[in-house]
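Both complexes shown next keep chain A, but they swap its partner, so chain B is in the first and chain C is in the second.
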Partner chain A sequence: MGKVKCECGHVNPRGTILCESCGRALTEEAKKENLVDMRYEGSARRSQTYNKTIIDKVWNFFSSVKVGIWIIVLILVAASFGTILPQEFYIPSNIPAETYYEDVYGTFGKFYYMIGFHDLYNSVWFIALIAALGVSLVIASLDRVIPLYRALKTQRVDRHESFMKKQRLFAEQKASLQASDLEKVREELKKKRYKIREENGALLAEKNRFTRWGPYVNHVGLIIFLFGAMLRSVQGMYIDELLWIREGETLQIPGTDGEYYVKNDGFTLENYKQGEDLEVFNEAIDRVGTVAKNYQTDAILYRDENNDLPGAEPELTEVLHDDIQVNQPMKFESFAVYQTSYRQDEMKAMHFALTNKETGEEFGEVVVDLFNQQETYDLGNGYKVELLGYYPDFDGFTKEGEPTSRSPLPNKPAFLFNMISPEKPDGEVSFVEIQNTMEPLGETMYKMKFKNLETRDVSALTIRKDLTLPILGIGGIIFMIGVIQGSYWNHRRIWIREKDGHIYIAGHTNKNWHGLKREIHAVLDGTAIPEPEDRQKD
Partner chain B sequence: MSELAGISSALLYAAFILYLVGTFLFGGSIRQKGLRDGDQLNRWGKLAITVTIIGFIAQLGYFITRWAAAGHAPVSNLFEFTTFFGMMVIGAFILIFFIYKTAVLGLFALPIAIIIIAYASMFPREISPLIPALQSDWLHIHVTTAAAGQGILAISFIAGIIYLVKNIDQSISTKKTKWLEAVMFLIVSVVGFILITTGFALSDYKAEFEYVNKEDAAAVQEFNVPALVGPNEGVLITDGKMNPIVEMPAFINAKKLNTVLWSLGAGVILYVLIRLITRKRVAALLQPLVRNVSSDLLDEISYRSVLIGFPVFTLGALIFAMIWAQIAWTRFWGWDPKEVWALITFLFYAAFLHLRLSKGWHGERSAWLAVIGFGIIMFNLVAVNLVIAGLHSYA
Partner chain C sequence: MDKKKKRLYMRTAILAILAGLVVYTLYTNLTRESRGNLEAGDQAPDFVLTDLDGEQHRLSDYEGKGVFLNFWGTWCEPCKKEMPYMEKLAKEYEGQVEVLAVNVGESNFQVKNFAEQYGLTFPIAIDKGKEVQETYGINPLPTTFMILPDGTIDQIVTAGLTEEQIRALFESVKPSS
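For the complex of A and B:
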């Protein structure tokens, strides 16, 4: 359909500008140009050939590098707007975003929130821009790589002199090629790792053609990366959970469908200490105060063997012991468990001694577990303590005199005890909070003397599964191969040809012309072949 | 300070001096154009590059000894990172110099590196222990590769700025001359910052303020230069120091803004002085130095540096960064400002490459792009670290 036949006999696809084989100009415009546009070898690109249907138009739009650059620039500018104020996921989680931005940043903050910039990177239009980038990458690459591949594959050695004349590096001289000169040139070219082909008295030296595929390889890498990032929203590919776990606790790991449990076998926070750590750190420790050295949860991972049996009690078998530290997550299956945060010294249990106020004699110790209280604590010999009320986060009394608790967390525990003794078999009531004891129903003979407090740390673990990582990794590797392939080499060609008593020489490189000029200079040095001139100096 | 740490500081100091000497030597050698095969560097040029390389080795010595003293690579705070970046600029310059042998590049690259290293020295210089998030080999891998990429990209800026100094017509005042002066002014302001900070540090200026911070809590902040702007509801608690002229709202870090104001002020004074004394634009003053070099060559050096630097930058600042973020912060990407600005840098240079390749943006336009690209890198280094505080914030 609409093929173009060149004078040399080669049949080119429709839309070809320079004959794939001999290089003759096939269009009127190309014939008029002083220098040929060598970017895609004058090959037939779909986007330059068809422009009728909607599909053509969409194709042409996205294959334009101008459009591609616009997309890149729009993403870049949009991304920068998201850094003006912190994004929603970085603001304190206990304050609603609606009020936070206005409270902290005033009118500007309110405006920022209103136009949705507080969550810019998840906005529909931002994601649409990224999608447009992906589409553009695919179409622009396909539009170019196929014709370019064809053209480079079918190129002839003896290019038409009109092709050579329109190269940026070119020279012509009335003379004939000397065999000795040619021999020397061949040798020099080989030293410089050119591949040499000769046909009909013409020579083509070419090297590093593979570098031309670099951009397409890197674009493929980017596409794979974008595809991987998109997969994340597919169910089951991605899990992100947070687990607060107290020392000694064993909890189900969220996201594992009840299969795995983890035990916090102790949390450690270490700071750098003068005298213990390197002396050179002293100055820094002095200036800043404390510097954290390690956050660590000693974790035991269990599997529930009965997970598949509905209704069965969990039967835990130990799978793994690991110290989870920052930078050293615990891994199992496709999960990783990270040390994310901690809270130190949460109250766990309080110890009291039932004490005779007057004599100071103690009649046994009561340990109140703040998470699991008993109703009565029998101390023997007629001594007994009843827990009438427990207020984990004591918040004062109501008008009626009832104690209240703000939350179920043991932040500020208070207790209402009834102390039973042989002397007072009905008991005496005492209200005890930290550092304060009240006797609401009159003076008592005994008291609950505070002995000590058991505390423990709470560790926050992040549970993460991300099955897209291998895809992202492959995308990243392909991208790197592609950019390196495209950036660290140049595709260079030198044509030398004698025709009708003239020597023609031309050179082309896809970039880095100084390098090519230097190379040609060295190759031709000491021969009668004229050195090509650069006809595009600014 | 341990003995090693002492040696380390001395080596850095030596490198600094050698770079200064190198600058003058390059100044002597610029008569020579860019070289082609077979030409020889002149004697000044040879001496200049030798001194530069010795300086580089000295700085490498600083790096290694400090590493040994601290037990971790010295890239863990703003001073260390910025110093390393300066070293990478020199390293990249040496690399490019051996490809193109252009002396004038050294005349501009060395002073830029000197300013960067001096700027670095304005931050706390003690060896700091690593917080848990930084205890990873990826710290070394990621930061050094990213800085190397930025250093190479900086050479593109340097070639670009030389191109502009050479090619922008200074006989009339145009938009271009104004923009170029703006760039020069920013460089002068950094020098201003260094002078102001050093000056007040020598006089041991300290003024403490009690103020109310963003979280509505009482806090204390120490100013080391007189406060032109003060913190939110700030009360001066050091006797006999200056009271601020204006008070800032809580979400602005008054201390940092104050330093920026002083630097710009010092920059204005320095710049105006230069203009008054020489009666020329700064770029016009530099123009005679660059007359000999070929514009074409500068353009190619600038482009080549981007081609070499872009993959290195991508690897270090994005790929290694993502790998580490996955390990340390549980996610490879979190839209933290520093991450976003690395991405912006990446996108910008991608746009640069596409503009050159397909729109034929060579020469002057390409040079402007190289300048803007470096501006983005510096923004990420300076502003994002100091102003937009995210997870990365060292200071």
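For the complex of A and C:
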């Protein structure tokens, strides 16, 4: 069954280098060496032992630290490529990525886009690399922590002298242990918080074994972190949406399945002003002109109580008022609404006066809301204006003479008015666009005189929800615990044994040999036990 | 159990779990773009909209008839072109295939004006809150969903249509009796 039986009688798993129990070298190479390799206590790394089925082969591939390091290097190199040019996410959204990269960055940009580096972090191969790292972490850790745990658990107190002889710190003397010396050593060790076990006249003092688990705790944290990152792609766990909302508008909040609405009750952009604000700002104001002090959307949050069907008239109940400022989001449930961007002075309404061209007399003002027009505007006394057509983004006329609009946005509004007056009860037709009036059906007596423009700001809000944050946080904390656990303590062991009229003493630590030497020196001070010497001089 | 066998099972199980997680991650990432988008064969999501005459139209009320669900805007040229054909065929197929035109959220004035100009008699609703558009994932205009009498989507067409094309679409969703 592939077991290796040691001379001491302990049965070790195949592939074991040093007997788990007594420490005798079990392989020819280990027997020849002057100092034993104490990595993983000379235990059998499982991956090295079975290599028959495809499962074992896959397992062994990921178990290799060398493979793991290669994966990390590949990820680092790959991730760095994504930073050469901006990712697709950051380029202007009104330009297609196909053309953007070539237009802006030339041939290099074209290839960059063709290879797929413009969306590198979401590409299959990059995610696959990260996944490979996760798999490597799990398997490589399992393959090492289990044998190490076994070896440290089954280690005997009276290690074979061949094991002790091959330790880095070792001394041997023809003498016998004095009970008083041992007593003193024991006391000193206890003071230094060693755990002492004694068997058959042999002593093993050990402390801080837990520090050996540090790297594995660290890996557990990393795996939890990766798992949290993976959850981001699960529906409902992570939402990142953008909402453009005009002042006065009430809109459904994307990502909330229609449950919540937000109203923009006003957008404010404040700049620092010389004289009003602290003097320290003066220099910057002089240098760049204007310095923004505050971007703010006064928001009202509503819940829709009639949210069964899309399109159903919402029944809104107010939930809360909040001033959304940069870094001061409005929070509700697990959502946060951030101030992201703005556009100032979008056209909202236009004021016209019905004016007699000859006398210049005005017969009332018409306010056309660019988002909600009326069919007729009654001005009284027989004066009335009918709206025949509205073209929010006027784009010229068709062959048939019909005005057209390029888009539904009021970028360049144009109107077809019918002006009714006591003199012209059937009305006169006037086509009005910004800074231009046409009279398509003949000259008119009246005109629509432009008076005023109402504008409003548009605010962009980012709606974000991230349920993976706590998981990422826990992963990060465990990661750090592992780092601390592995870094700030050393696993130290001291073996003392008398056999056939010889005193053997050996010491081992996973790091900071100097510290161990000092400790041993203090423990042995004033006893006849020889102080072990460091046989690996560097 | 044989220890070696046990180890093999253990390894297989762990690798299977890891592989499952990896495949799931890749799958969700690859389908993120198209997630939620409707396809032919899907159940058409129900909605309710009020038309220009103030009448409520609920999609599920049309069960048993074919539906020509058209999303449009007044500025959109191909929409303007196909409207007269829709009007003509809506009359021809009355009782078999219903036309429901959903404006993507313009003002009442604009939509009414448009309907009068083209003499449209089929129900026209304005999706003010853009909820229905969002549910149906509308991007280019016009987009037409052909819905079968049983409420499933037969076809999604994102282009302006000629009279013959609309006729063919009507034929494909009209009840078979």
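Couple of notes before you dig in:
Keep in mind that, in the parts below, the second predicted complex is superposed on the first by the 416 of 538 C-alpha atoms of A that agree within 3 Å, B and C clash if a C-alpha of one lies under 4 Å from a C-alpha of the other, contacts with A are read in each partner's own complex, and residues count from 1 in each chain.
Following the convention adopted for this analysis, a contact is a pair of C-beta atoms (placed from the backbone, for glycine too) under 8 Å apart; a residue touches a chain by one contact, two chains touch by 3 or more.
On a predicted model such as this, the values are computed, not experimentally measured, just so you know.
Clash-free side-by-side placement of chain B and chain C is the outcome of superposition onto chain A. In the superposition on chain A, A:374 makes contact with chain C only, while chain B stays out of contact range. When the two complexes are overlaid on their common chain A, residue A:127 makes contact with chain C while staying clear of chain B.
With both structures placed on the common chain, the touch criterion links A:518 to chain B but leaves chain C unconnected.
By the touch criterion stated above, A:360 is placed in contact with neither chain B nor chain C.
When the two structures are aligned on the shared chain, A:258 is found in touch with chain C, with no touch to chain B. Once the two structures are superposed, chain B and chain C can be ranked by residues of chain A touched, with B on top. Of the two partner chains placed by superposition, only chain C is touched by A:408; chain B is not. The superposition of the two structures on chain A yields an angle of 140 degrees at the Cα centre of chain A, opening toward chain B and chain C, reported in steps of 10.
Contacts of A:72 after superposition: chain B is touched, whereas chain C is not reached.
Of the two partner chains, chain C is the only one touched by A:135; chain B is not.
Between chain B and chain C, the minimal CA-CA distance in the chain A superposition rounds to 15 Å. Across the complex, chain C is touched by residues 1-2, 46, 50, 53, 55-56, 58-59, 122, 124, 127-128, 131, 134-135, 138-139, 142, 227, 230, 233-235, 251-252, 254, 258, 309-314, 371-375, 387-393, 404-408 of chain A.
Here chain B touches chain A in the complex through residues 1-2, 5, 36-37, 69-71, 100, 124, 126-129, 131-133, 135-136, 214, 249-251, 295-297, 299-300, 303-304, 307-308, 310-311, 314-315, 319, 322, 326-328, 330-332, 334-337, 340-341, 343-344, 347-348, 350-351, 354-355, 357-359, 362-363, 384, 388, 390, going by the rule given at the top. Across the interface of their complex, chain A is touched by residues 3-4, 7-8, 11-12, 14-15, 18, 21-22, 24-26, 28-30, 32, 35, 45-50, 58, 73-75, 77, 104-110, 112-113, 125, 127, 129-132, 134-135 of chain C. Residue ranges on chain A touching chain B, taken from their complex, read 39, 65-66, 68-69, 72-73, 75-76, 79-80, 82-84, 86-87, 89-90, 104-106, 121, 240, 272, 277-281, 283-285, 287-288, 291-295, 325-327, 329, 336, 338-340, 462, 464, 466, 469, 472, 476, 479-480, 483-484, 487-488, 511-514, 518, 521-522, 537-538.
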